[in-house]
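Below is one structure, written out as structure tokens; the observations come after it.
Per-chain residue numbering starts at 1, and chain names A, B and C are given in the order in which the chains are listed.
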Amino acid sequence: MTMIFGIPIQALLGQLLVGLINGSFYAMLSLGLAVIFGLLRIINFAHGALYMLGAFIGYLLLVHLGIGYLPALILVPLAVGVFGMAVERAALSRLYRLDPLYGLLFTFGMALVIEGVFRFYYGVSGNPYAVPSLLAGGTNLGFMFLPNYRGWVVVASLVVCIGTWLLIEKTRLGSYLRAATENPELVQAFGVNVPLLLTLTYGLGAALAGLAGILAAPVYQVSPLMGSDLIIVVFAVVVIGGMGSILGAIVTGYMLGLAEGLTKVFYPEASNLVVFVIMAIVLLLRPAGLFGRDA
Amino acid sequence: MSELTLQDERNAASVRLERALVALGIVALIAAPFFVYPIFIMKMLCFALFACAFNLLLGYTGLLSFGHATFFGGAAYFCAYAVKAWGWPPEAGILLGMGGAAVLGLVMGFFAIRRQGIYFAMITLALAQMFYFFCVQAPFTEGEDGIQGVPRGTLFGILDLNVAMNMYYVVLAIFLIGVFAIWRIVNSPFGMILRSIRENENRAISLGYSVGRYKLAAFVMSAALAGLAGATKAIVFQFATLTDVTWQMSGEVILMNLLGGIGTMAGPAVGAGLVVGLENTLATSGFPVTIATGLIFMICVLIFRRGIVGELYARWLAPAEGGEGGKG
Amino acid sequence: MSEPLLAVRDLHAWYGEGHALHGVNLDVYRGETVTLLGRNGVGKTTTLRAIMGLVRKREGSVFFNGSDLIGLPLHRVAHQGLGFVPEERGIFATLSVDENLVLPPVVAEGGMSVEEIFDLFPNLKERRNSPGTRLSGGEQQMLAIARILRTGVQMLLLDEPTEGLAPVIVQRIGELLATLKKRGMTILLVEQNFRFAARIADRFYLMEHGKVLEGFPVAELAAHTETLHEVLGV
């Protein structure tokens, strides 16, 4: 068996794959956080709860209505996005003129409520969501065995991340978004409906979280707690990357997933901590974050 | 001029009112254990001190920490371990907890003050989560079980804390000392500088204050006082568990402040009393606590940002500005 | 010249607590170029921003094409046919020159096409892919005006277009405004550069302390030299 630094290469690659999967979710979630923060100046604490909501809606669609994975890939982001837009219209839009901390506190409360509701009805234990038959099984890559669904998650998250990046950097809607991030008043004075843009942006961020949730459902168990622990790691990712750059958020997400995977191989006890340690080091060396532009 | 004297009179009257209320409150707390289950009031007092310590940072320095559970729960662990495993007397255990919390505060503050606003909040949250994972894995915390059966011991070798009333008045004394310390800090020249940092950080910098040091000092003081509350709680309840180092606990102390009134002396204590009371009530009703907590959070942020005490202040002390009511 | 295109009546505006406009009255007729004169801080910029609705609080009336703009959401104002070029120009750093140019939505027919604009501003064409803020001050000003021309608005609110620019560029902007006028554009201009304003304006309004003191056509400029000296110190 081939060894690298005394570690069998299969184990190394296996953990790197796990890291890449985790990184895919970090990337999608920190991307959504960055998009929302850029325009709304709100740190969406409820992002983890929306991710959990996405997984749960997928699970409930399957269990109660028999709607499978493929339609859920469309329906879930739609549902979570609409939910997000309703929340923005009803509540977040009232907070824009206040200290951004209020947005953080409001979405924190929202996260508690969403999580609490699902805990109340479904308990804390996980519910399995079967891998769709289309993506079941695995492929032998020669040097390792790749479960098809995991490969799909990596590809799907890359497509989603690059697609979102293109939407923001290359389209007209994206140019409204970037301009409104710089100077919302002037963009609105030009005749762009900025309040609507804000609603759509939060909806987009929420839909991304929901999509990540349904993608995650077959990988992890569907559980009310799946979002809250993840969101804190994603916050650390966002601190490391800095929220000034969409691409930065994506790259940092994947990098930290891989770093976690590597740590699991060499020093498993610290794998929970490594993201936070990296955050501390980045704060010492580059307080604005790796891709940060703001002070 | 006449307006000024009117204002002065109003201030003098409000100072008299405040003193009367404080005296009344202390008398009520002294008498309370004869009417209410003491352990319940002790729980309230520990959380009230925790909330007041947190307010020193949020209300008077303008820093939102999302990681204060680290100091509250961390101190509880240190104190519980020292008392149980090393046989330390309770006063030494509590001091150790407080000192440990101060050291943790120094480390967390050192990193967190490098960024401002929401980044500060996220960094404290992340570092607190790191401490949580540490507590999950470190052997001395005894994992999921927590440190159980911590002996209350004898304070200064003379006062047996296993007697409920003795324990109660010790907790009350600790609470009063802690709150008095916070009051002194807030009203000292140091506290004035903290407030000027809260009002306008850039101006404080341009006035030549090394803002970072002041923030760090405030952070450590707040952490130490939160530790005092946590360590005391460990002695009262005779255990220290993971619950007190979770992010939910960090959120709870924010809620106590938000509900009671950020930046008011009495608000956090009032908020703590209400939250602890509410949790006690809900615990038997079957309605999930997190949903209630979350709803209160959302309502407070949307329409009640001054909190209860802040709202009372605004109504009684500034009737001229009544038109602005509700917009904190 | 029966109905004014823009009629401002008793307009008050507040910035935070400060009361900045104390009842401004002015008229701009179709095809006119009107300049607001006055010292720094008398409320010229605030007048433009209050017409657009870019102040926290305003009272009074702003009739444009006969309908009142007060009470209209900010993003509806441009669609009435009113374009705004702010003093700080408002070029977006994260957008390329091209993106900056096509950012404001077209609100009516009759605006210039991108090709026409590039004919008018060849510099912009050369640098169409670089970030907007890499342009020189003069080019940024050209871009700020050019992007409004695309939208087909009937009227331009122009805040200090020559501020901080070299004389050659100022001259080019003067030519540009003359071209626009020939095409029938109505312009309300705030300008410190009195000689520049005198060359292109049809009428003037003199502002002091958040109010319009008086208005006069360019023909009476000579007769008003003394007042202008007094109020402007020019």
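Going forward, a contact is a pair of C-beta atoms (placed from the backbone, for glycine too) under 8 Å apart; a residue touches a chain by one contact, two chains touch by 3 or more.
Since this is a predicted model, take the numbers as computed values, not measurements.
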The chains touching both subunit A and subunit C are none
By C-alpha centres, the chain nearest the middle of everything shown is A
Taking each chain's centre as the mean of its CA atoms, subunit A sits from subunit C at a distance in Å of 44
Per the C-alpha centroid definition, the whole-Å distance linking subunit B and subunit C comes out as 55
In whole angstrom, the CA-centroid distance of subunit A from subunit B equals 33
Expected list for subunit A, residues touching two or more other chains, is none
Given the complex, residues on subunit B that touch subunit A span 64, 111, 114-119, 121-123, 125-127, 129-130, 133-134, 137, 247, 251, 254, 258, 288-291, 293-298, 300-302, 305
The answer for subunit C against subunit A in the complex is residues 52-54, 73-79, 84, 86, 90, 92-95, 99, 102-105, 107, 151
In their shared complex, subunit B is touched by residues of subunit A numbered 43, 91, 94-95, 98-102, 104-106, 108-117, 119-120, 228, 232-233, 235-236, 238-239, 269, 272-273, 275-277, 279-280, 283-284, 287, 295
As the complex stands, subunit A meets subunit C at residues 172, 175-176, 178-179, 181-183, 185-195
